[in-house]
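Note that chain A is present in both complexes that follow, paired respectively with chain B and with chain C.
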Partner chain A sequence: MRQIILLLKGYRGAQLRRLGAPEVKFQELDSFYGWVDTQLTGVKTGTLAVGHMAEVMTSADFQYALGEFLQRRMEPAYKRKRFNFEPIVKMDTAPNYSAVTRYQDRAGVDDLEYVGEKGEASPGSRDDAIKKQWQVYKWQKQYEFSMEALVNDDLAYFSDQARLMAEAARRTLEKYVSRFMWNATTTGRLTALLAMYSTTGRLTTARISAARMAFNQRVDARGEPILASLKYIVHHSGLVDTVATIQNSTLVPELATNAVNVVRGTFTPIEDPFCAGTAPNLPWFALTDYAADNIVPFILGRRAGMPGAVIARKTPNMEIVGTMLGAGTPAPPLWGDFETGNIVLKVMDEWGTFISGTDGNMYDVNGCYYSSGTAP
Partner chain B sequence: MPDIYYAGTDWQCSSGPIITRRYALTDLWPTGLASEIGGGNKDVLAAGDHPVVAIGTKADRPNNLTGVVVTYLNAFLIEVNMASKVVVKDYVSNILTYAQGVAATWAATFTIAKPVYVDDSADLPAGCRLSLSPLNSAGSGNPLAGYLHYDQDEYRNIDIGGPNATSDWPVTADNSEAVETALCIMLVNDSGQAWATIAR
Partner chain C sequence: MATKILKSDVTRTKEGYLRVGWGSEEHAAMLGIRPAHEDDEIQHKGFALIDPTAFGPQATKIYLKESLRQQVEVLTGKPPKVLKNAPKMFIPTGGAAQGIV
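So, the complex of A and B:
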């Protein structure tokens, strides 16, 4: 290898002589090949001339070629918290945008009565069914971009636009369902129904027990006992650890005694990130299991054929019929509309629920129990 | 006191209509340095700004065209949306009238469909060119820009399960001093004809 370096040095020296290079260039030649030779032998001479390569130009010398380089990149976006509301709302389907009607028999018939010998049985009666109506509405948002904005997007800032639009559709629906529980009409109705349907107490084992016992005493339209069990506790995000303590403690966590925590594991907690409240006054809501008890607290309707959000792009009213670049040359793929170059996207979904000026969004008040969480 | 033009990316409150026409900066007012009555400055128009402006010579006021700036490339190439009934967001002052060259009365509230004018009076801060006054502080007619309108999420919609138990309108202002609020305006872009009809 050292022989090759020596040959290269001689060859470069001959070149410089032929070019009439000044003496300083020959000194540089000695320094450079001497440095490489030293690196190969591993022997450090300690002399400055062959021990270092001097850097004569820095990045700062190239203000155009190097100085304008900027690294730009996107950092990952936030991750979104979801409200997994599906267990607490019964899904239903409407064939179109008109109101649909549902009926539920919420009472049995009369108790039997004594009839004496040769006596005639008294006539019984049957209650009318409860009528509920709801309909679906369209929920949409559109976004308009100039073609230049999308082409200039070297950071791919808009590359996840479709995903964000779909997320927005889901988030809007989650907020919609969240309002079922916390809107003023719903909470006002439950508050007016007093202790069997509401409390003001913060979330504790005793309060959950009170809610369970309230459900346990539910009656039908004729006052007859019905099967109603507390299954879900929907709560403010600030109550997650409170719920975990209640769920994991074998003894009542609020008491110094050894009383057994009987509500442990008897309910399924669901965190609602859209529930508003300021600690320590954090609300919570107890619900039945509509699948088990046929008591439907809330209903969420969709239109048949529209089970989820869709994203659409307005079809450009422009067709490329040729280019000035010759036959067969592909045209750029991204074009907006003919007039302005705009590119328009739309996210669409459809849903609805039961809405009442008296009951709020409660399809069946028997499945609901509310606490404002304001009392210690 | 907005000193710069409304800068939110939510400046479009309707999806259209869009009819763009190109103008130079000198055709638009009031914008930039010395564009107020008395020589005061408005914010300088730049890319990304979308102010509602009047177009043409001030000698023609109040029958000027009005529009909203869509794109700004430089002082000579500015695209302005001239479409009627497009809704955009901009700062609006609650000044109702002027007297002796200064604001004299102010609206206690902004109400739906209240006429909005392009006003070059110095009482408006640098980022605001719109008021409720048909005349400026010098007594000259202000071109009609449009009418106050709902933003897309300002309607009462609780009856379909929406979040708003009440409408956001009327919007509170102050009848004793100037208040500038970012509001949606449905532009009319009708050469001031509606104003002229009302005034005569």
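So, the complex of A and C:
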């Protein structure tokens, strides 16, 4: 190694001579390589002060220090896509963690009958209501930090931990609701009901019209026509431009044509970033407006008094009672638990939905229409 | 060309839902198409639009043909089925923590 240093010194000296460097540069050269050589041998000659070396290296060190320590900062994190599911999911509350029961009236009563003179009307009947039950569950995640990690965090990396935890709670809920539509049980139920409740068509104006026709022909449990209007289309992220084209065109968008786009503006699109699909087979899901038609496609239950996510900290079980620094000296702040000094945070939420082995998560099948998006 | 004959297939499930058979006469009606007649100007795979005039006098031929093609692909294709990558329904099992994956 010392031979290499010697060669480097000779090479640098030749470079300086070629450049016509002043004598002082050659002195710096001696100091620098002499210092490195001294460090390698471990023998201090007393003639090469370390201070000389530091001076020679100042410029590079300073830049490094500026770059690594003074100019450090965190860049803003990614922004997250949201699934604004609220319009398609009816909110409900449960008083506790037990299952709650709801009854759906899915049929009217008998039609009237002609009764002849002195004839007696036949007795009417009323169908049983449909019983539905659901309950809420706890959703949680906890994080444990060492006190050292928080004290050493000069970049404030953990300063937005609470915000990220709250965001994770919302994201989990969005995934949960997204799963209502795309899970195998829900889609299996709709596809088993065939043409009135599902299709294979990719999203086009013509297919939306077919979906609307399917909704328009829905009937109650007695086969009587009911008001069911297509209001929302939840779609894969890959269909954003397709939906925008359909929505923004006054003419039918799939072709250069002059036919009027009757579908335009008749539905509200909702992008679901958690919908699984691979182009060109991108699924979509049409739904009714539960507020207008009383057909509730999906339900999201929360416990009363727990309307949203909360963040909790485990109370420290340590208290500083004195110091060895003398009377009146304030105790240094120390956090965490007595045993390890760790700090524990937890984000918590509570929600649930209707779960059925037959209907999947659909609270009312009449509010749903599914397309696998496979037919060209 | 012989006119296609579609079968009627509408039943009601025990819950009262209408079940319209895939490729049935009623399915074709929902899609706005019917078996073509010889004199139908716009045809695709033996089918024609029930009412080509429904799209207005300005509708071009290429538009009508494409509308017909899209609906015929659905009618004559296989019924929809659960996608291979469809996730399972989330059912809490109790016990260990369980995420949505």
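As a working rule, the second predicted complex is superposed on the first by the 295 of 376 C-alpha atoms of A that agree within 3 Å, B and C clash if a C-alpha of one lies under 4 Å from a C-alpha of the other, contacts with A are read in each partner's own complex, and residues count from 1 in each chain.
Convention: a residue touches a chain if its C-beta (ideal position, glycine included) is under 8 Å from a C-beta of that chain, and two chains touch if they have at least 3 such contacts.
Since we're looking at a predicted model, the values are computed, not measured.
Touch criterion not met for A:T242: it reaches neither chain B nor chain C. In the superposition on chain A, no contact is made by A:T288 with either chain B or chain C. In the superposition on chain A, contact of A:N342 is made with chain B only, not with chain C.
Contacts of A:A184 after superposition: both chain B and chain C are touched.
Shared-chain residue A:T204: touches chain C; no touch with chain B. By the document's definition of touching, both partners, chain B and chain C, reach A:Y176.
Note on chain A: of its two partners chain C and chain B, the one contacting more of its residues is C.
Looking at the shared chain after the overlay, A:E144 reaches chain B, while chain C stays out of its contact range. Shared-chain residue A:N361: touches chain B and chain C both.
Common to the chain B and chain C contact sets on chain A are residues 137, 175-176, 179, 183-184, 355, 361. By the touch criterion stated above, chain C contacts chain A in their complex at residues 12-13, 15-22, 24, 26-27, 30-32, 55-56, 58-60, 62-63, 66-67, 70-71, 73-74, 77-83, 85-92, 97, 99-100.
On the side of chain A, the complex with chain C involves touching residues 106-107, 130, 137, 140, 172, 175-176, 179, 182-188, 190-191, 193-201, 204, 206-207, 209-210, 213-214, 217-223, 252, 254-260, 276-278, 281, 283, 355, 360-361, 365-366, 370-372, 374-376.
Residues of chain B that touch chain A in their complex: 12, 15, 18, 20, 71, 158-161, 163, 165. In the complex of the two chains, the chain A residues touching chain B come out as 137, 142, 144, 146, 175-176, 179-180, 183-184, 339-340, 342, 344, 352-353, 355, 361.
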